[in-house]
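My questions all concern the structure below.
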Amino acid sequence: MNNYFSIQDIDSLSDWLKEAIEIKKKPLANKTLGKNKTIGLLFFNPSLRTRLSTHKAALNLGMHVIVMNFTGEGWSLEYEDGTIMDQGNSEHVKEAAQVVSQYCDVLAIRAFAKLKNREEDYREEVLNGFIKYASIPIINMESATGHPLQALTDAITITEYKKTNKPKVVLSWAPHPKALPQAVANSFVEMMQKMDANFVITHPKGFELDNKITKQVPIDYNQENALKDADFVYVKNWSSYVDYGKVVSNDFSWMMTKKKMELTNNGKFMHCLPVRRNVVVEDKVIDSENSIVIEQANNRTFAVQLVLKKILEKLQK
Amino acid sequence: MNNYFSIQDIDSLSDWLKEAIEIKKKPLANKTLGKNKTIGLLFFNPSLRTRLSTHKAALNLGMHVIVMNFTGEGWSLEYEDGTIMDQGNSEHVKEAAQVVSQYCDVLAIRAFAKLKNREEDYREEVLNGFIKYASIPIINMESATGHPLQALTDAITITEYKKTNKPKVVLSWAPHPKALPQAVANSFVEMMQKMDANFVITHPKGFELDNKITKQVPIDYNQENALKDADFVYVKNWSSYVDYGKVVSNDFSWMMTKKKMELTNNGKFMHCLPVRRNVVVEDKVIDSENSIVIEQANNRTFAVQLVLKKILEKLQK
Amino acid sequence: MNNYFSIQDIDSLSDWLKEAIEIKKKPLANKTLGKNKTIGLLFFNPSLRTRLSTHKAALNLGMHVIVMNFTGEGWSLEYEDGTIMDQGNSEHVKEAAQVVSQYCDVLAIRAFAKLKNREEDYREEVLNGFIKYASIPIINMESATGHPLQALTDAITITEYKKTNKPKVVLSWAPHPKALPQAVANSFVEMMQKMDANFVITHPKGFELDNKITKQVPIDYNQENALKDADFVYVKNWSSYVDYGKVVSNDFSWMMTKKKMELTNNGKFMHCLPVRRNVVVEDKVIDSENSIVIEQANNRTFAVQLVLKKILEKLQK
């Protein structure tokens, strides 16, 4: 693995999941692996879990961490080739990526979708720009269209909590006051197709994700029907892919409630966080014993630590 | 001690002061105590002294430090229970505190008063929210109503400079162009009641602090009278507690001057900094030999290092 | 050397250049020199290369690094003596510099020109304020009128690439949509007068730099003439010194092009970055084999590491 751009960079998911759970048992077992190695964390957008868990994982491996916020501390970059750069962007990613590669050993980057132009977002110009020009490994800390560290976390969490070999997992769309990217949903959908799971997506009409990602995954527009006998209920809002970036409906009847959870097979409630209580999910659900969102967030550290460990091992060769 | 929320968390002030002065003599004596431990510094407001001194103290104890600015890098949190979170706040402190507890071993938090609503500020929802939901120790780096690291610093400084067992200490209100919180004054008043001191507060009418904090401390509305024979003059602005958050008067005759200092017993001038020169205090006072503000700021490191040391020692048990 | 404020603080340039190239070969050779020492990086303006390379160099020397952004995390400082501080500035540099000196062992500061008032900028009140009041060494990470770490980098780069003892070096002004400071140009001009080089400056009329800095350096208003037989072409925009801070002309015919580079002696293209492509320089030039901007940026680490090493060695005495 050179980069961790998407979950397609995972060669053997079952091996990765085993190793992540080993790391969780002994997080300091590889304290010298990252000695004298520096990871640069580049944030083009706000972050809490990803920022702290990545920092912590790097420290667990003995690495140095340099954090750089482009909002406020830096400037905006140009990604197009051949542009006459007489507008707002002060530097081309060609230079930025090559230069930063000389100060760090690994880079991790967060750059959200702008939700203005679908083609532009799905082109992934920030991550792909850095991957193209950097000379060091790149880790995706949530890009325009994917959040593969979250999806790896989710796979670890489902593996820990599942009671059957092939659990039923439901991704259930939720209402939200703001237009959010499809990144978390996309990576989760990809991951569920890699795992041994009976996977269903449920959302109102108009919220269909990119069918190059959902492929053959069944979509049920009837939420209650979809939830029946679910072992895991993963709730998440996203804005429309078809009518790109729009909140085409904000039907609050799609909020996850205790009553709906009763349709499941004593299902576990999952969410990537941050979550808006009593909009996305009722207090009674997230505060119940079946909510595993805190442990899920805990696994963020071990997901990214596994990715970093694999990158460091390859660098040592 | 589980948390350092207020100076009520100090079990034996005299022991603490002795230990702080020992730490100051040999700041690196406990360099391995914090090994593999991480402190998260969460800032909801700007900081200079607190930020740097806390970072430095943690390094002196061998800890890792992760700094997180919620302004700019993060988002705003919800603190009320049962809210329908369809407005500006993206995450509830319930999740934030539990999650962050999994990435760090100790948390230190700065969250100023908003000065809009007295009940809300004095409820200390940010600090109390984190204390309620976090599973790790919390340190107050200045909250809505208290600044106990500053008060501990002040106690160390007075201990170092006092020439008698029971010095006369005067807290003297000062004018200021902006409305400032009562936090520093409150914690100082609490601390002076714990120390062996002849303590007086002087301010214009309308600036009375919360009488649950001032209790029996004498208040003298005549500044010159209060200053007579003072060994320490602690100058600080605060906005009104009664007419909450208002600058009910900005009487520049309350500025500390050389002439007024002549009324004291060759008194030392103290201020927590930052200070507005020639508004709060005349140049001639802060630049005089009797000004101990720089040494006072130096003691910030040893105050917070003592708190951290006590927390780490308890974590080791 | 107490501070690295300008290139006048370099005692023997030839020795420094030799040592920098040694550091580049073995960047971790002095990994214990900075043990238990902390550098504070104070940013009053955005930074990418300087921020990361200084952080990295400090880590290479085993130092701790504390980063402080005054925009957002801190507040604005007062630099004038005797001011009545009832306006926007919350703290005087007298206190800030003395206090920060107590938490760090070395300070590095970035504070750009405001380009409003020439006398004010050339007085260098931020850097000089800190140098006056701090009790620890200060490093200039680009001030109002100079960027001596960049100039040292440039000298290292020219030394590595030069094919003759006295290469021809041309500083060529470039157009830019925004008014930029003279800092990089000033320090480069000073450095070229210290090096053994045949140095020429070329720019449109009205962009003359301070003649106390350019002294006897020839200025050629004919760019093509100046470029003839150049071994190194250093391209940079700056706003007017005479009509201070103004973009008195934005003649895009001054952009560096492939056709112009053909006039040189197979000259190397240099720029401090960030650079606006197809405004300052044509893609064909910066993407050519003769462009050494990436290696130039790489040398930023070794320039600042040399400065830090010299400061640490002096602190140890």
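Order of writing sets the labels: A, B and C. Residues in every chain begin at 1.
In the analysis below, a residue touches a chain if its C-beta (ideal position, glycine included) is under 8 Å from a C-beta of that chain, and two chains touch if they have at least 3 such contacts.
The UniProt protein names, listed by chain, are A, B, C = N-succinylornithine carbamoyltransferase.
None of the values given here were measured: they were computed from a predicted structure.
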| item | value |
| --- | --- |
| Topology of the chain contact graph, where touching chains are joined (line, ring, star, complete, other) | complete |
| Copies subunit B and subunit C - rotation angle from C-alpha fit, nearest 5 degrees | 120 |
| Interface sides of subunit A and subunit C: same vs different residues, half threshold | different |
| Whole-Å separation of chain centres (CA-atom averages), subunit A against subunit C | 39 |
| Per-residue overlap in subunit C, given as positions that touch at least 2 other chains | 67, 72 |
| Subunit B to subunit A touching residues, read off their complex | 36, 38, 40, 64, 66-68, 72-75, 78, 81-87, 89-92, 94-96, 98-100, 102-104 |
| Interface residues, subunit C side, partner subunit A - complex | 28, 31, 43, 46-49, 51-53, 55-56, 59, 67, 69, 71-72, 177, 273-279, 283, 286-287, 293-294, 297-298, 301 |
